[in-house]
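Order of writing sets the labels: A, B and C. Residues in every chain begin at 1.
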Amino acid sequence: MNYQIFLNALATSIGYSVFSLALYGQFTYLRMISISLVTSVIAGAYGCNYAYLMTNNPTISILCGVICGIILGFCGAFLHIKIGREKEVMGLLGSFGYFVIIQGLITIITGGGIEAFKFIPPVSSNMLCSFTYPEWLLFGLIISVLLNVLYIIFQKFFSLSTKAIATGDNYELSKLLNLNPRKIEINIQLLCGGIAGISGIIIAFDKGLHPDLGYDIILKAFAILIVTGLNIYLLFFWSFFLALIESIATYLFDGQIGQAVGLSIVVLIVLITILNKNIQISRMKVKLKEQVLSV
Amino acid sequence: MFNYLIVVVLFWCIGMVLTLSAFFVFKSDNKFFLMTGSIASMSGYYFIILSNNNVSLLYILFSLFPIAIILSIVILHISRYTSQFQFILVTLALIEMVKRFEFHFDRITGGSYGVRLSTLSFDSIYLKIFLILFVFALVYFINRINYTRIGYLWEITGLTPLGAQSIGININKIFLISALASGFFSCLGGLIYIISYGYLHPNDLSNDLGLMALSAAIILRGRNFLVKFTLSTFVLFAFREILRFADIGNTVRFAVYDLILGIFLVFISIKFNNTLIEKRNN
Amino acid sequence: MKLHFNIISIVILILSTLFFSCTKKSSDEYIIGVAVPFSGQEGAATYGKNIKQACELAADEINKTGGISGRKIKLVYEDTKLIPSISVDAVTKLSTVDRVDIIIGDVASSSTIACSKVVEQYKTILISPASTSHEISGISKYVFRTIAPDTYEGEAMAEFCKNKGYRKVAICYVDNAGTKGPALIFKKKYEEFGLEVPTFEVLSQGSTDARTQMTKLISSKPDAVYLLGYALELGTMIKQFREQDKLLPIFSFQVMEEPKVREIAGLSAEGVIFTTPTIYEDLASGKSRNFIEKYKAVYTDPPGIFSANAYDAIYIIKYCIDKVGFDKEKIRSELSQISNFEGASGNFSINKNGDSDQKPFLMIVREGKIVKY
């Protein structure tokens, strides 16, 4: 087996793992699964590169990218507040609609066909980053690990984290405890939007800048989220592992079958995780029921 | 002009049929079924390949529908073991896999070249008008069923499965019937698509149509089924086609194209509830 | 009341859009439909823009000299987004609502294959300036093209590789009609020469991760690689190939002309050799040079991919109508007999299969610019 496959899997998994971190944050704290963070990824990527085109300063442009991610994270939060907390799957659908709107707007503005936007120049992610491939791998790896560590520190030592977990667990109780759950929800969404913006910048360095950036990410990032569950320490490992499976399957099999096999193995792992969790939950329910009945 | 109208109305009929397919699953099992487009695509390929090889039409129809029905039953069986979100994820992955297989087996499906329907007998305008009338009649029939005893039992099964079980309704039987109906309608959608366009490519039916059909189907619970159905399918399917060809300038069309779906989804997610229980909480 | 309101709103919607859809056919104008992508996947808008600008340039020139047999040319555009079903709808609308006799389009070979059925039904002539798939040859008596089929490019590259002495050339192509053709032709020709294609790898359309495919190509130890795809995938493949191997020569085809490919690939595009039927400035003479100068005078930038072919499409329509009149069937039969037509894309003929026969040139990317090899 060619060692290059492991490097390929690493390259793929770096961007996805940072985005999965943002999704993980949103899920752990808000018990919400939504696609609105993907808009932050696209906004981060485009915002960063347009800022570089105007200012020629990498630091300012990266900050701009993060700010764009945060702004769209805020819009996503606003949408979820409007939809309502209890409507989980409607929230998912609404956030997908929001993603389609943002993506459509970006396609049109950056050259999809409207004459009125002709003044907007084209951008390329190559102008910001002139890393070579090994430099990019190292840079991405460092950023990814750093963000993971920072997140763990945030989870353990910041009061916002505990407040957010309480809000996620029981919204009404947190209102009674004067925790201001709406403000916490918005803060967490802004934080996750920022992380998603950073992931957008990293992904754009690798894959280039195009409006369809978001579609690739959805399936993979959610698969990583499901398989990781609530154990953040394994997030990077699982994103690498799933990318490695796809890589190996594509290497071993010819044609599109290789990609189909890789995808099917990933889906199988996700299904096994889901079934395992459902079995565990039902066993826990039976145990609780027995305990209650024995009393 | 008449031919162009027929094309628009046929696309509307495809949309209506796929919406009905998603609606049956949503109504009885409360799950979002995104694979209507993929099943339509597979049935379309089956139909084109057999009719290009001069197999009799009756044989194709008699074998096509059962295959589509079995496929949907198998796929929807997965939904019994997963929640809504997990089911959406799995169906998204399955759609990708079906597309990859369609590209890979290019000797059968034509792969990236696509495959043309070579039999000219399906070009008949009378067949297209018959299909349009057939679909409208089906929609009317489904509307009538909604307000019968069967229709109300169906609705209750989707809203509160435990409640339905407790009053003696066999929810497995209702689930099976809705999976059957869903498969039938997806297959019919594929058939109408082939007859109106005469060409199929792996990227054609799998991409947008499943999501559009689902978003049209979500608002259909409750009263005024026919009005809501007509409006939602018209806006998402027919109006989109008409807008594409309306002589109002390229720039406006480009702006409105894909934004309609996004705005529609955001609108229905804010306005509509998908279970009775959620409505009570709000 | 609510029911009535809903029904009334639907009726108003239908009536208003039908009103906008009705067009009157003026006898002073000759309407030509143009069904090309202006939006959609990466690169699609560029193709549409290039073809539109070239068609408008040709139409303006012809209208200034009195039009086609006294009738001014009017161009009607439809966006096909590089999707076959939308292309079919566009061609149907142009044929039935705008009632055009000739349509210029589409760019994607799969769209042109899909439209071939529709144009047969409505007896509309379809001239493609960009679809290169060899599957289109002879598909319908109403389908023509002003660009050579991919057979020429695949064979030319195979000859070049054989003359250079490469014994093994690995291929990676994107799975769509326009890019699969040259890959298959190259493989067939190369194997006829007794040489080897050790890996024949495929990438799905729209994919931005080709690293594993590139690893597979390199592990088969070829002497060179042949990469084919549309702008996004080709740029990605070249960039990710160079991440893993700095030395092996890369060959490609016409899409390499696209500036987007060089933008995505960056410095990795340096030294890529490709075939293209487009005549560049340093090779242009006669009508090709005239076209390039006129195009730059109007649009500042030099003509892009498919521009010259679209320009020629308008001029061969004028040529046929001047010769045989406005009768569709006569135009169709004249089109299939065009011989030694001096156009912006060179001197070409159209055979009875509707194919033209421009020979491709070998070009190379040096310091970010395309020059003759």
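Here is the rule we use: contacts are C-beta pairs under 8 Å (C-beta built on N, C-alpha and C of every residue); 3 or more make two chains touch, one makes a residue touch a chain.
Here the structure is a predicted model, which is why all the values come from computation and not from measurement.
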Chains touching both chain A and chain C: B
Remotest chain, chain C as reference, centres from CA atoms: A
Chain centre separation (chain A, chain C; CA means) in Å: 37
Distance between chain centroids, defined by C-alpha means - chain B, chain C (Å): 34
Chain C, residues touching no fewer than two other chains: 38-39, 79, 175, 204
Chain A residues counted as touching two or more neighbouring chains: 107-108, 112-113, 255-256, 259
Touching two or more other chains - residue numbers and ranges from chain B: 100, 103, 250, 254, 257
Footprint of chain B on chain A - complex, ascending: 33, 79, 82-84, 86-101, 103-105, 107-108, 112-116, 218-219, 222-223, 226, 255-257, 259-260, 263-264, 266-267, 270-271, 274-275, 278
Chain C residues within the chain A interface of the complex: 38-39, 41-42, 45, 48, 79, 175, 200-202, 204, 206, 208-209, 211-213, 215-216, 218-219, 232, 235-236, 239, 243-244, 263-264, 266
For the chain A and chain C complex, residues of the former touching the latter: 2, 4-5, 8, 11-12, 107-108, 111-113, 122, 124, 126, 133, 207-208, 210, 212, 216, 246-247, 250-251, 254-256, 259
Residues of chain C that touch chain B when the two form their complex: 2-3, 6-7, 10, 13-14, 17-18, 20-23, 38-39, 77-79, 83-86, 88-90, 92-93, 95-97, 109-110, 113-114, 116-118, 121-122, 133, 135, 175-177, 180, 204-205
Interfacial residue positions of chain B with respect to chain C in the complex: 1-4, 7, 11, 100, 103, 111-114, 116-117, 123, 197-199, 201, 203-204, 224, 227, 230-231, 234, 239, 241-248, 250, 253-254, 257
